[in-house]
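Each chain carries a letter (A, B, C and D) given by its place in the written order, and its residues are counted from 1.
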Amino acid sequence: MATTFRGIVPPVCTPLRDNFGVDVRSLCRTVDFLLDAGVHGLFVLGSTSEVAYLPDRHRALVMETVVDHVAGRVPVLVGCIDTTTLRVAEHIDMAGQAGADAVVVTAPFYARTHPGEIELHYRMLRDRTELPIVAYDIPTAVHSKLDSDLVLRLAEDGVLAGIKDSSGADASFRALVLGKRDRGLRDFAVLTGSELLVDTMLALGADGAVPGLANVDPVGFVAIHRFMSDGDSAAARSEQERLLRLFSIIDIGAPDRMGRGSAALGAFKSAMKLRGVIDNAVTAPPQVPLDDEEVKQIEAILAETGLLP
Amino acid sequence: MATTFRGIVPPVCTPLRDNFGVDVRSLCRTVDFLLDAGVHGLFVLGSTSEVAYLPDRHRALVMETVVDHVAGRVPVLVGCIDTTTLRVAEHIDMAGQAGADAVVVTAPFYARTHPGEIELHYRMLRDRTELPIVAYDIPTAVHSKLDSDLVLRLAEDGVLAGIKDSSGADASFRALVLGKRDRGLRDFAVLTGSELLVDTMLALGADGAVPGLANVDPVGFVAIHRFMSDGDSAAARSEQERLLRLFSIIDIGAPDRMGRGSAALGAFKSAMKLRGVIDNAVTAPPQVPLDDEEVKQIEAILAETGLLP
Amino acid sequence: MATTFRGIVPPVCTPLRDNFGVDVRSLCRTVDFLLDAGVHGLFVLGSTSEVAYLPDRHRALVMETVVDHVAGRVPVLVGCIDTTTLRVAEHIDMAGQAGADAVVVTAPFYARTHPGEIELHYRMLRDRTELPIVAYDIPTAVHSKLDSDLVLRLAEDGVLAGIKDSSGADASFRALVLGKRDRGLRDFAVLTGSELLVDTMLALGADGAVPGLANVDPVGFVAIHRFMSDGDSAAARSEQERLLRLFSIIDIGAPDRMGRGSAALGAFKSAMKLRGVIDNAVTAPPQVPLDDEEVKQIEAILAETGLLP
Amino acid sequence: MATTFRGIVPPVCTPLRDNFGVDVRSLCRTVDFLLDAGVHGLFVLGSTSEVAYLPDRHRALVMETVVDHVAGRVPVLVGCIDTTTLRVAEHIDMAGQAGADAVVVTAPFYARTHPGEIELHYRMLRDRTELPIVAYDIPTAVHSKLDSDLVLRLAEDGVLAGIKDSSGADASFRALVLGKRDRGLRDFAVLTGSELLVDTMLALGADGAVPGLANVDPVGFVAIHRFMSDGDSAAARSEQERLLRLFSIIDIGAPDRMGRGSAALGAFKSAMKLRGVIDNAVTAPPQVPLDDEEVKQIEAILAETGLLP
């Protein structure tokens, strides 16, 4: 018996128009592109979706579009990303109305927080919604780390249905996987946000992965998952290593001109445009766009890794 | 000639009811309490106002209530605190409709940022509104620091009307004050967020201060400002030192039970309640409340510093 | 063909007397304990050895004792841990005189540093010694991270003979392993400092591991290595998971009374004493010792994990 | 009654030869240059002295040279900078033998630390030496902050004779000054490491300042101190603002080529050479030197601020 939230669950990029409105047609094509590759779920309105850059009405449009377009074929997890409890609760209400299968929630941010307050945050939200709540551990964004003991305790109490671990702290990830097993939390989904260790994390016992790079090459990540299910870790490793090379596209945007977020999102979207998935590689402000030369370098890497002729 | 935004500009606490709704009557009493003390402006929806804890409809209620109640007697600055440009722009629209005199805007947060992106953020917002924009430098919340050269450049270009510096980096504050003078930026308001160095910062050339503790003792801060205007730095220092003792109320909440934000906001609100300004010391979730014993310690400090009989 | 520095290479704890002098007899017993378990090398004067707590004459005694006692049976790597180039160079001279097989060197610390300065640091030390230099990536101690591209470049240029990666950043670890293969750096040793992911890191292509916990259970780590060499990853995983449980001894020291270093070193040494390897669990000042109750909890965990009857 | 350690106490730069040995003649000239300007004490082997770059025998040469050359005219404080207690104790022994008037000691670094361990560190060192111990609060180097309550408690207990506060946290500095007064700690020296707020910190009640920039312009800092003693804060402010402009020399070294330490130390030494105080601007490895163009910019700033014709 597996958890509901498992396998390859890409955090779906949000295609935009030049006026920064959501490009709904490209978004639907992205969903098709991912489902055709065989992904096991979709995560909308996460960091890779530029959730922090989207006004509420854009967020609503994204979740409604994707839930509608997916039409139940795979679970749709919706990021409800905001600073603290009452604000997150409103996003959860919106997600529920849109038909989300689960919501994904970080620790408080901007406000200074504390482990006791993080626990209270999740417990209060649990009282507020019927939807499964997946904790989102992303210290680079929220500047605190979810403690694995707290997460497991909240899982036991039925507060959390899973965790998306984007902390990069793999020892704590292993503690989650082991703690899940020890406590018999079969329905608790342990998902890694790693793009570069998906084979490894699945070997350790992860239920699934949420790799941003799957927007560019979903077939590759689905293959890793299948190879690992089949016990062919050598094939999985080889595919993962190809994707590690592909991942170097995120380092092309010049560091003196833009942040690492702009470089990564710009690279994902440029690659998706080059592959014909989306119409426009624009990212939301104040992110800085890649220039033509940088896009050419991305094109070259796509060719080297077999994604362009 | 002074800037429009100057003097003592308290960041107004947001009184709440038990159900976490805005307590409008207590909010109006808080405004009266501050105006009666002679403050020179009000800053609503800042960190001390628990802005990160308030849903948009609560934010709207706060700004409309305060702008209406103040009725032009002093300028009202409104915090438009959200992660990135498009989201902040929506808050600015709301502030404009409510009649704000200026908006206060941080660097992007949650999303990884970059100096070039921070600059773009402010410039794009400048194109979007007629309202004066005050930059809000608060690294403990947004996890980046505004560079003083960038701030001065944006001031020269008319993008920024002022800065509220809560960075605690006083050398950079001095560079702002000196840069303002050197570049002849007479209308650019340099405000410190410090509560403990108001005399000092005014001596260095600050136009004003935005001390959270002024919610508890506005008369004290207004006195410091007047003493400094009158050239009586000894009296200002003595008053500041009394307030430094008062400020120890923020350390009473037990660190093993709550974060430093809970402890500070809980202390401010408990003190305001003890002084009869607000009806209820509740703070927004997931903040942890002070217990009765802790409130008694606050009461004792208020007595020692002359605020209770 | 494997690198010289490979397999399980424990960072050897430094047993102390009550007067904080080196307990040479216990040190020799520790070496025997580790060699009897079949470890492939020893790393003295690393963080787990309390190198930062040992005066130079204690450091000299440790390296001379261990090199002499090992007598060439396995390679002995010696940590030359100091703030900057000239100071490290003196430790390297001492290590050379003592007969070290390699030296282990961090990026500069205390002083603010820069990637260009880190590169210069290693290149200048390379000019200074014939001994192989292993880079030590330990951001929790030195507060900067070694860039994997820089490390690979220094490996290609013959400056570095290996890296001990205690950064916990496993994506960058994977980049090192892959970069080593792509560039044909067969003699370059990629060692993980992880205690909890040894099976995983070996599966990724690590040449070896330097787990502090091997001071307590070297047999377990040697077994993981052998299982992985034999292709039995299930057995390796099972053993690793037992060791993960054992590793919980480092969390017993009370956080309100001591730092995480005191708790970990105190736990390792208490466990070694309980197992009869060393005479005294004392740690160097200003570390805080575990109390009797805490030691009893460690004893219980040793029993649960099969290390005590 | 003033403390022994007060007034302007420059952290003395350590002039080096091309082979990175100490340039004793230039060091003596530096001491003369500073004493002629009227400084009230000297601090050798601090961060500005490149203490983290100097082998022990260079450190010994520096302290012996300066103590001997000063010959009791002003107090000489000696930095005993090393990772933990036993290592610091050895530096204190050396300082005592050299005739230091006080030693300056940071919290532990490299090793993970804890407030309880920091307290134990200072108390154990107090038991070890008769020399006055000045705590050195420098979070940018040691990555922890000294708590002002702890410092005041150690002062009351006779453990600490003073503090050099280079934390830049001026609210905590004010708490120190006020705590000193409240507790009647007349002999406890509160010194600021600020270069840009010396007038301000003296106004707040600091006993003195330890500004690195005083190596370049000791006359300026002595003038600020005298103006403040005379109650002429306007003159002090004007002089401080000139020095703030001078301080921009530390930003000239290109950030893509060197760290902020290299840029600052290189600038100080280049300026001292341009002023004829030292023979050679070389800094210790692995610091990166300024290039000719950068030195020309420094020359221009020295001319603008009245230090070169």
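In the analysis below, a contact is a pair of C-beta atoms (placed from the backbone, for glycine too) under 8 Å apart; a residue touches a chain by one contact, two chains touch by 3 or more.
Everything numeric in this text was worked out from a predicted model, so none of it was measured.
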Which chains are in contact with both chain A and chain C?
none
Let me check something: if the centre of a chain is the mean of its CA atoms, which chain is farthest from chain D?
A
Find the pair in A-B, B-D or C-D that has over half of its contact pairs, by residue number, in common with A-C.
B-D
Take the average of all CA coordinates in chain B, do the same for chain D, and state the distance between these two points in whole angstrom.
35
Between the Cα centroids of chain A and chain D the separation in whole angstrom comes to 49
Can the chain contact pattern be summarised as a line, a ring, a star, a complete graph, or none of these (other)?
ring
Touching chain combinations (by label order)
A-B, A-C, B-D, C-D
Contacting residues of chain D [partner chain B, same complex]:
168-171, 174-175, 178, 194-197, 200, 203-204, 233, 237, 241, 244
Give every residue of chain D touching chain C within the complex, in rising order.
20, 47, 50, 52-56, 58, 81, 83-87, 89-90, 108-114, 116-118, 120-121, 124, 140-143, 257-262, 284-288
